[in-house]
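Two complexes are shown next, each including subunit A; its partner changes from subunit B in the first to subunit C in the second.
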Partner chain A sequence: MSENEKLLEVKNLRTSFFTHVGEVKAVRDVSFHLDKGEILGIVGESGSGKSVTCMSVMRLLQDPGRIIGGEILYEGEDLVKKSEKEMRRIRGEKISMVFQDPMTAMNPVFTVGNQMIEVIRQHRNVNKKEAHDIAVKMLGLVGIPSPEERMKNYPHEFSGGMRQRAMIAMALSCGPDLLIADEPTTALDVTIQAQVLDLMKDLQQKTGTAIILITHDLGVIAETCRRVLVMYGGMLLESGTVEEIFHHPGNPYTLGLLRSVPNPEKSRDRLEPIPGSPPDLIRPPEGCPFCYRCKYAMNKCVKEIPPLFDLSETHQSRCWLLHPDAPATDAFEKEGK
Partner chain B sequence: MEQNTPLLQIENLKKYFAVGKNKVVKAVDDISFSIQKGETLGLVGESGCGKSTTGRTILKLYEPTGGKILFEGRDITGLDSRQMLPYRKEMQMIFQDPYASLNSRMTVADIISEALTIHHLGSAKERSETVAELLHKVGLKREHASRYPHEFSGGQRQRIGIARALAVQPKFIVCDEPISALDVSIQAQVVNMLEDLQHEMGLTYLFIAHDLSMVKHISTRIGVMYLGRMMELADSQELYAHPQHPYTQALLSAIPVPDPRHEKSRIVLEGEVPSPLNPPFGCPFRTRCRYCTEACAQATPQLREVEKGHWVACHLIGGGTDGAQK
Partner chain C sequence: MLKYCVKRALSMLLTLFLIATATFFLMRAIPGGPFTRERTLPPEVEKVLMEKYNLDAPLMVQYKDYIVDLFHGDLGPSFQKVGVRVNDMISAGFPISAKVGGIASLMIILVGIPLGILAALRKNTLPDYVVSILATVGITVPSFVIGAFIMYVFGELLGWIPAGGLDNWKGYIGPVLAIGGFSLAFVIRLMRSSMLEVTGQDYIRTARANGLPGYKIVFKHAMKNALIPVVTYIGPMVASILTGSFVVEKIFAIPGMGKYFVESITNRDYTVIMGTTLFFAALYVVMVFLVDIAYALIDPRIKLND
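Entry: the complex of A and B
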């Protein structure tokens, strides 16, 4: 929806880790945008760069990692140019994050209430009592029963699902406009996952917070998001609405991913895995990162990185097969499920 | 072996763990099932439901608290570790975490041939030949034998784990979440390989996982566990098409379907799994069940055959009231 205001715009982001072995090009020239109040999914396997992209947006990269190029425009301001002090104000207040593992994301020696109050007082000009009340209200909002009592509990007294709820409460306690959730339900059981995803959708509608949901689970994406980015080998290979990505995929990698998971609605067929394994990011292929695993790969794919081709106003794909001069293939015509 | 003796029969298996003073966690409580030769029995449930403990107790990695384990009709429950040795060769295991389950100081060849050495199978030369064959079978190369685990990716390590399990030519393998640590595109590779090996070598699997769509894909029959008890057991197609137990219905409806057009009719369960230290009396699921009646708090429902091959443990099913099917 072009009439919507853009909340976040990432342009040509490049992030590398300068390790002893060499430069690991974790994010290579990634551009995307996020509208106010939308839920955007990022799907990819480990090493695809999806988490590093978001850590770059938060400016939370650990030492050998550095942003080496590009812009991260948040409401028009470039986050790459912000000082650490300025970033500290932005984190939590404007952008906050929920991590995968609710067991390690909290400090075990402080009560949940204590940790929430600390966050709130960092960003809002309130006294202890007021911060306490806000925290209780937030815990209630995310569905924790008897929040007043639960404030006094330590993280180990919470179950995994409740801890993730508390993390979401903490992340939303300063009313951010953007919530980045990095595999928020991966460590949870399916029935609890369903609860947490429902909660996130519900909160997004109530508070209007935009959400970036990082996951490797295609099912979670299909049920939660409006638009999806598909990442592989540090690059953005395809982006589009869920309808476009799941029913008219425009990239052989997306197709491969969709075919390698069993559909619980269908009967028992043989799975079609993607052969091989993800590329080495120290020496990534010169051309398309997926070229060595792609059954449609051509000479050009090995030599040159394909540009993003527009398939529709909302749908882009990085694949040489979409070039007007490419030979006709059956890749995309009949394959959309 | 007789035609109709199941490969494995589990009768009223119990495994309790003592926790502190006078407290007991009933990790596996009175479950019975059998596995036919050549089939894959899937075991699903949420964390803490006892599915992994079941797998480990069957292999006698844990000493059972009660019940019987019959392998090819012979009772192996009371055997000590020396008497178990011949059975260890028949029953192997594949672990969840391919990073933790391989000794980082041993080469691949040592890892795979360790079991061969223990069971005195073949000469040194034959063993190295076997290792090469096994590597080939799981899609790795002969040269990989002299390398160490850290030189491999997660998917390759899981292949090494599988080669190790296959080394002694077992009949039965417990696969404890063998793919949950792997990437989506690699999961399908490993699952296909497990299926191929099953056909080729006539293997029988107990496949433990929480990824319900993958379990449905690979299993012949599926058992659903909750708080140490078996709630439902049926043919996998049947279980997904006609789940009877309210817990199974909720569990299946919670699977996210990779299709945005899919109509969602999700049953969201209230609350969480109760502490296994203090499970509810009666039906373990009654605190979260929307059909719960008084009867559910009075007695623990037993697993009963409600249709041919379809077993359910619920007071409301097959016993007059039909609440749960509505």
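Entry: the complex of A and C
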């Protein structure tokens, strides 16, 4: 596998929900790419558009959600133009997904084995026995003890962590090239969180499956990912490698996120929350989505959406402070108050 | 499983015993009696009748005698129909009511569930509106209106169905629709809302994310979960439909057992009141038991041994 081959390239994606009260512009002009075998993190608050972006990639948006523009190139083919039938062959086989709440993500009235075998047989031309063996192997691979017996269990007979492992096993059972994990550890307690993350990292190395990890937990990102996207108000505000984002953030919003995470070395300092709440996506601000909560906001920020400025080859940020004509600022000095 | 069934059987018997007791004393609390007429009988005649049917004994003795007979499977003689035993009335009337009711129940299940699913899957489109309007009509229009309407339009005006009786298959159309109309509409609405709730669940999203085809998602993953509330309703519904309906049997001239439920009370025909009530109650508790078994078969989280 060559290093920088693009597996997925999202270009100018726009997704909206056409509700009674108006068009909710959940994803506004988001572009990013994912290399083969890479782990990409997407971070943002609730309602920042990170989940909707991924549901758009899977083409799993429920009414009244619709992709209204842009391209989603998967191995060069535009998923936006695929028929539902073609998408069905991609889902589960090429791209699969793990969701937030493992307690409700499995059907309670069928055994874990039944559900896994069903997915395997849907995509692979194998008989029941072979599918069963693949499922047992996958459950073993994700660290479920005595997988043969566990196949006969119903989801409620699994603990939360085990269910999430089983979900991962199911998602990987057809050997997808891309796994989208939408807050896979949010519903789990901390020790189990670490185990599941380790498992995902481990499987990624073994199978070479690329992973998009959606989370609002910066700690999870730092531990697992190579590159990070920071989303806010349906837009991409910053993207870069983990080192760039954590050590040289180029956006006041990213800085705000970093400052609102507790740091054990400076436990006496108060945490600094970001004041205010995310913008209304029915009538998003004309300018930068973060402008009304940003303490560095200028007149221009309110009027015009900033473009993505290149900070390095891998590091982009959407902020007017980065414009050559912008006034000098201490905004990006991480320790500065 | 066997232990559970034995336990349930005992509790069902206890339930029936309590119903028998309550019905017995409540019915005796109603003023009047089986031989109360507008023209009073001569006292001697009434005395002989009371003696014949053991009605002159103290109430507790009558109760004890009735329960003893009941345990022998004897529901006693009718007070109104001389020489006819309640057992015979039920065994003559029930098969007829049950045939109409059975067909109605099958129709409700085979038509109601698919239509409910259709309405849910085509939510807010023409099929949904049509089904929902029909279902609302079915719920709001009482059975005697449906019955009379069918009889007038299809019997009288068009002559497609006979005016009454069950002589050929056409005779069943009217009574089946009249007796099953409400429940059919109810099942459609129940299935629709249950299906809509289930299709919003996370596991349906998982199934879609795994690339399963639509028919598998609907008929395997969604339907099994959505059936639970419908099964709850269908169990007791079958018990009440199988035992017939006074109104429907009157309209379509069906010699079923539905009429006894009403007539026995106006006549104070004590043994028939007891017989029909207990028969219905027995059928009802059996259906509830079957519903519980069905739950356990549908949903593995429900355990019977508890």
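Here is the rule we use: the second predicted complex is superposed on the first by the 328 of 337 C-alpha atoms of A that agree within 3 Å, B and C clash if a C-alpha of one lies under 4 Å from a C-alpha of the other, contacts with A are read in each partner's own complex, and residues count from 1 in each chain.
Here is the rule we go by: a contact is a pair of C-beta atoms (placed from the backbone, for glycine too) under 8 Å apart; a residue touches a chain by one contact, two chains touch by 3 or more.
Because the structure is a prediction, the values reported are computed rather than measured.
Colleague: After lining both complexes up on subunit A, report clash or fit for subunit B versus subunit C.
Modeller: fit
Colleague: Check whether A:159 is in contact with subunit B, with subunit C, with both or with neither, and answer first, second, both or neither.
Modeller: The first partner, subunit B, only.
Colleague: What's your read, subunit B or subunit C touching more residues of subunit A?
Modeller: Touching more residues of subunit A than the other partner does is B.
Colleague: With the two complexes superposed on chain A, say which partner A:97 touches: subunit B (first), subunit C (second), both, or neither.
Modeller: The answer is second: A:97 touches subunit C but not subunit B.
Colleague: Output check: A:257 vs subunit B and subunit C. Expected answer is one of first, second, both, neither. What do you get?
Modeller: Touch status of A:257: first partner only.
Colleague: Vertex at subunit A, arms to subunit B and subunit C: angle between C-alpha centres to the nearest 10°?
Modeller: 70
Colleague: Looking at the overlay, what does A:198 touch: subunit B (first), subunit C (second), both, or neither?
Modeller: first
Colleague: For A:220, using the defined touch cut-off, is the partner it touches subunit B, subunit C, both, or neither? Pick first, second, both or neither.
Modeller: After superposing on A, A:220 lies in contact with subunit B but is clear of subunit C.
Colleague: Answer with first, second, both or neither: which of subunit B and subunit C does A:58 touch in the superposed model?
Modeller: In the superposed model, A:58 contacts subunit C only, not subunit B.
Colleague: Output check: A:270 vs subunit B and subunit C. Expected answer is one of first, second, both, neither. What do you get?
Modeller: So A:270 only meets subunit B here.
Colleague: Once superposed, minimum distance in angstrom between C-alpha atoms of subunit B and those of subunit C?
Modeller: Comparing every C-alpha of subunit B with every C-alpha of subunit C, the smallest gap is 8 Å.
Colleague: Considering only the contact definition stated at the top, list the common interface residues of subunit A for subunit B and subunit C.
Modeller: none
Colleague: Looking at the complex, which residues from subunit A come into contact with subunit C?
Modeller: On the subunit A side, the touching residues are 58, 60, 87-93, 96-97, 99, 101, 104-111, 118-119, 122-123, 154, 156, 167, 170-171.
Colleague: Which subunit A residues qualify as touching subunit B in the complex?
Modeller: Subunit A residues touching subunit B: 45-46, 159-162, 189-195, 197-198, 216-223, 242-243, 246-247, 256-258, 260-265, 267-268, 270-275, 277-278, 337.
Colleague: Okay, in this complex, where on subunit B does subunit A touch?
Modeller: My answer: residues 46-47, 153-156, 183-189, 191-192, 195, 210, 212-214, 216-217, 236-237, 240, 250-262, 264, 266, 268-269, 272-273.
Colleague: Any idea which subunit C residues touch subunit A in the complex?
Modeller: Those residues of subunit C that touch subunit A are 201-203, 205-213, 216, 220-221, 224-225, 298-301.
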